[in-house]
Amino acid sequence: MRNIIVKKLDLPSIEERPVEIVERKGLGHPDSICDGIAESVSRALCKMYKEKFGTVLHHNTDQVELVGGHAYPKFGGGEMVGPIYILLSGRATMEIHDKEKNEVIKLPVSTVAVKAAKEYLKKVLRNADIDKDVIVDCRIGQGSVDLVDVFERQKNEVPLANDTSFGVGYAPLSTTEKLVLEIEKYLNSEELKKELPAVGEDIKVMGLREGKKITLTIAMAVVDKYVKNVEEYKKVIEEVRKRVEKIAKEIAKDYEVEVCINTADDYERESVFLTVIGTSAEMGDDGSVGRGNRVNGLITPFRPMSMEAASGKNPINHVGKIYNILANLIANDIAKLDGVKECYVRILSQIGKPIDQPKALDIEIITEEGYKLEDIEPKAKEIANKWLDNIMEVTEMIIEGKVTTF
Amino acid sequence: MRNIIVKKLDLPSIEERPVEIVERKGLGHPDSICDGIAESVSRALCKMYKEKFGTVLHHNTDQVELVGGHAYPKFGGGEMVGPIYILLSGRATMEIHDKEKNEVIKLPVSTVAVKAAKEYLKKVLRNADIDKDVIVDCRIGQGSVDLVDVFERQKNEVPLANDTSFGVGYAPLSTTEKLVLEIEKYLNSEELKKELPAVGEDIKVMGLREGKKITLTIAMAVVDKYVKNVEEYKKVIEEVRKRVEKIAKEIAKDYEVEVCINTADDYERESVFLTVIGTSAEMGDDGSVGRGNRVNGLITPFRPMSMEAASGKNPINHVGKIYNILANLIANDIAKLDGVKECYVRILSQIGKPIDQPKALDIEIITEEGYKLEDIEPKAKEIANKWLDNIMEVTEMIIEGKVTTF
Amino acid sequence: MRNIIVKKLDLPSIEERPVEIVERKGLGHPDSICDGIAESVSRALCKMYKEKFGTVLHHNTDQVELVGGHAYPKFGGGEMVGPIYILLSGRATMEIHDKEKNEVIKLPVSTVAVKAAKEYLKKVLRNADIDKDVIVDCRIGQGSVDLVDVFERQKNEVPLANDTSFGVGYAPLSTTEKLVLEIEKYLNSEELKKELPAVGEDIKVMGLREGKKITLTIAMAVVDKYVKNVEEYKKVIEEVRKRVEKIAKEIAKDYEVEVCINTADDYERESVFLTVIGTSAEMGDDGSVGRGNRVNGLITPFRPMSMEAASGKNPINHVGKIYNILANLIANDIAKLDGVKECYVRILSQIGKPIDQPKALDIEIITEEGYKLEDIEPKAKEIANKWLDNIMEVTEMIIEGKVTTF
Amino acid sequence: MRNIIVKKLDLPSIEERPVEIVERKGLGHPDSICDGIAESVSRALCKMYKEKFGTVLHHNTDQVELVGGHAYPKFGGGEMVGPIYILLSGRATMEIHDKEKNEVIKLPVSTVAVKAAKEYLKKVLRNADIDKDVIVDCRIGQGSVDLVDVFERQKNEVPLANDTSFGVGYAPLSTTEKLVLEIEKYLNSEELKKELPAVGEDIKVMGLREGKKITLTIAMAVVDKYVKNVEEYKKVIEEVRKRVEKIAKEIAKDYEVEVCINTADDYERESVFLTVIGTSAEMGDDGSVGRGNRVNGLITPFRPMSMEAASGKNPINHVGKIYNILANLIANDIAKLDGVKECYVRILSQIGKPIDQPKALDIEIITEEGYKLEDIEPKAKEIANKWLDNIMEVTEMIIEGKVTTF
């Protein structure tokens, strides 16, 4: 019997509250680059461990520090003069001691990590030459394990929580949240890049809703080689504005949406957000894991948030990572139940206990008018129990990249 | 006329809500070490700039990455075998161009930063030999400024916001929050270290309140050279428990408080939280700025929080830093007004506008029974206005270390 | 009138002396890798500077440190588990101050350097995946120059010596020297690698001549993926021995030559020089610029040598580099004159004087029997003068890679 | 029976040859700093190993890279703005596997190395604040050994040569050599620094002898805080010149000696060799192990030299280090024999053979007139044999710092 509590929340739903602030740091933002690398490295290590031993060994690669480079953008194409420096750290199992054979098996952790980081960068920073524009350094620390423990792990039992920690999640997304999320995704989509290659990957979208008015403030890097002059730059901005406004009309029909792009630009002085490779990381902006989006892809100060840096944490027993993702998965399913207007889920672990046995799993529900909590409660519990029963599938989803962590 | 809005919040206060989770990462936690270094570096740069030019020049040193070392603790005294590696990054004004004289003035940014980091470490990690146990590396990026801009800045006008960002604060602290904060402070106080030198600096306190019951889970490093064996270790733990329980009785009289210290310890196998220099950073635990405590010293997932990494940001125009601190200062003052049970403050900046002119300053108040918002509103506005009028004093308070950032 | 002195040397020639030791560290030796990178970086910077300004700006990139990686070779193919770390340092002109326009032009020094290093590595280490097996870091220091000085340099006048330094050279190579040089070249040639891909690039050849007997001791990395077992390994060694003996017969007809390859191998225990990527740098062997071959490609303790690390030095005014190369060029030409058995050239610079005006250029000649120095002297002087007259062509030869530096 | 050969050398002695070039890079020269650190680290590791196990374990720490800092010297006292970066690399035994107990003992290699480097720097760079002016980073690679091998080593048998390598030495020093050596030692002596604190530690002395004339070219850093203006700077230079001339008269009575100090200085433009901490490493000059002085403290292109970087190599079985030192020790003793004018010693190792059994030990002697080689030969052999018999004392001398390596 798990400690699952379902409560009614007597609050106005997020949409009914007067103000809302929502932010998303896009894929090319320095903090998101770090999140993405950290998670890519963890996933690559998971795959390497599974290939070699059929199970994932201990690691946490949630430490990536990006030190901005030096770039000299100019209309028509400038150049990178100093590379971005990226330090991978964290820890991973590098050695397996086979005590019977008196042997040590060494694992290619650092090479796999460096490779994964570069492959991720190649994918995300379309306009960079990773060979010269980025230095990827690695100080991932050593961990070791006994071969017997590896066998133990292969049995595939539910892992024990690594810490006393908690995760939070909620559903559904508010209109502003959906808007912010979808716009960044669109602006960083393959299709848009084909049509508007000048749009860089460093895109920060901030949504401020006051009543029925949403102000979208977008900071968007423009890639210099695709724009010959400030006129062309303006055209790119205007084209993006048009497209964003179109999406806004679809997603936020009932709202007045104002779109502000690169508000700090000064066309007269030609002081605009021009970049060589599409990210502010090229010119001194640093980044770090866990300082940007939460696992639902957003920063939402008007919603409950966890401080946990999920990206790069191991998906086996790191409850700080797993429970944040799980809380969102459960909330998403519950939110689809009839009568549920909004749902908040909090999961608290107990260090050393199986991760499918949290100390507490709290579900708070704002019901639709005319619905009773008593009717919803058993279904909500069922959903929670089902997810907990299959918690090791969450691990698989993470390894396969089917859920986001930032 | 500033856009200050005061609203009534029709919610149960935090104390009346059923559950509360509060966490504090103590001074010796790897994330807090990074926060502390980042802020020390910024403060040292501020002082250097002021000494040389009478004004603070641009910088953001909110990027510190700590890569854990290797230690071999043992009862009676083990040793560090591999140093902790700390990378300072961020950006700071290193050059001033005196265009009239065709001269460049270079500023000792990196040396000042390295020195400040080491001095902070010496203060916080009493048991470390900073000369051998820590490597402080520095990749702080270069910024430059024209001398005319330095003169401009010396005029001491209200700076312009560097970004569209926001800050949040609230007051008063709940009982659980106070408890968590005070216990860490006590355990890391000079007096306690004199009486119980075995207590390390890496202390994480987590408080879980369920109704009237508070469970305090404390993870606390013990310094090996002060404990000869597992018996002495146990004595230290018991002595600390006694003292914590005593404090708990004072601060949380009306609550049942359970104190759990180092719950993962296994005395039989002598597997305990033993360290050489008092922090888990000595053995592979990494750290980063902005992943731990918010500016009020706490992580409070049941309260509104900002993701901003305040430590190390410049205290002049970085609204992400200033507004978080300011929101707490304003909330604290308002909370002292008659009739205010709880107060939440949110401040939103507009990029490019003077920082004393926020786009919006929202005050939400839960009133005591029998009080009307109308009576409180003008006083609350007065408080907010006064703080905004004197916003540059906040900068001074930060530079002088009179407010915490983590 | 230059200070050129021609003297007769009354010594037995190198071939007539009883003992000779000659060594060559092949292209894949960690020290040679560093030399090669340093020189590649310098050449790439020269080209970049010339492309942008029509002239080479100041730089010295003769500092490369290679920290060995971690590899787990095994018959049939092992893997790299930790990458090789390579730190580029030195100094180069990164900024040009255009004082008239009050502008700073930034140059892509670090990105060009990193790219050049990787391209060189790709060429030399055929079996490495540079993306994962090597980390190239860069701390090349900043230098700046005034635009007026750039214009000055464009005038293409003879540069002034940067230091009081000297260069030495001699010709012809002794039989042992030729043998050592040619064997390494052959073993690292494209053709041999096609026929015997198992031969790695890390090849050290040491020749010890005692009277008419030459002992060649070759340490040669074997690439694991091309040899399935110790039998195949032995076959590779034997095949190489056969080929080396064949070359030895051609070059050193009059000598008895013994060839020893990988003498530390122990076939019983399968302890052999097996590598994953063909260099000992993969497994902890470090390297550095200037610790291996002199500019003639050899280490010759029985001949005069300069300590100068030529690779990576700027080819414009760094006399330590230019004079060592020049001394060999002059010696080579003089050695071809009738009656010259052996020739030694030493060139001493004076700091601040044009490099075509050395303080002294000493030529020592061992004459063939029946020849008089007086007859040779004017021709030798003519050769020296001609080379000094065209000293800036030496710079071009270096930039175009027509002369070796290691 | 050892293979010791004594031969007569029919050459003019060094003093009788027309030209001689001798150089010494003083203690504060960037290359010498690296040599000194490398050797200090090795010696500290030797002591640590001996303390823990009574024997020295395997290591080679002959890789130190120094990347110059940024300084802004000015008369009366400037400041360091960017620290010098020093990377320690190489390899050392960090782990001992006790297979019986199934345990791994970890050794404090990196912390001991970092500490030793800093202590050396504090001693050599009197005017630096090592806490802020220098960053010491460490990437020393891991080696491991079985406990049984440690026991084996404790038996104290003669170690086996690690490589096929050789060492060279000669004696006595020529007048020019003595002069160059003694002047640097004097200028870097405690006594002189007390009397003339303005004299920095970065002192390069080059001696060019042409017949009976010696030109001493000295490049000497001056410490800015001790000289208020160019006048005081000139006084320091003049005072040093006087003292050097005095020493020259004592050591080189029969020679005309010209002393040139800081010849590139331009007093008019106040462009002089002024430094903040007394070394050119403060302002972009890089350094590396093995690029400066040979084990006798000199660079002597007119004498046989080894390329070996002795500093930092292990003193147990690294013949490249031991044989160079040994060759000088033997040459020194032989040079004291009656009738010996000059003596050259070359020792060649065989990989895998005991180091007291070199493959060949060649002694070449230039005899005084009236002496026969036959009379000297047996004494010379005796000297060589005695040193080889006691070769493990050489190791002790190295560990205790009784012989120099650079």
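Per-chain residue numbering starts at 1, and chain names A, B, C and D are given in the order in which the chains are listed.
Operating definition for what follows: contacts are C-beta pairs under 8 Å (C-beta built on N, C-alpha and C of every residue); 3 or more make two chains touch, one makes a residue touch a chain.
Chains and their UniProt names: A, B, C, D = S-adenosylmethionine synthase.
In this text the structure is predicted, and so the values were computed from the model without any measurement.
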item: Chains in simultaneous contact with subunit A and subunit D; value: B, C
item: From subunit D, the most remote chain by mean C-alpha position; value: A
item: Subunit A-subunit C separation of Cα centroids, rounded to whole Å; value: 49
item: Rounded Å distance, subunit B centre to subunit C centre (Cα mean); value: 55
item: Centre distance in Å when subunit C and subunit D are each reduced to the mean of their C-alpha atoms; value: 24
item: Per-residue multi-chain contacts in subunit D, two or more chains; value: 70, 85
item: Subunit B-touching residues of subunit D, taken from the complex the two chains share; value: 70, 72, 79-83, 85, 94, 106-112, 114-115, 118, 129, 131-133, 135-138
item: Complex contact set, residues of subunit C against subunit D; value: 7, 11, 18-19, 21, 63, 65, 67-68, 70, 85, 87, 89-91, 139, 141-143, 164, 166, 168, 206, 208, 217, 263-264, 284, 286, 288-292, 299, 301-302, 304-307, 309, 346, 348, 351-352, 360, 362
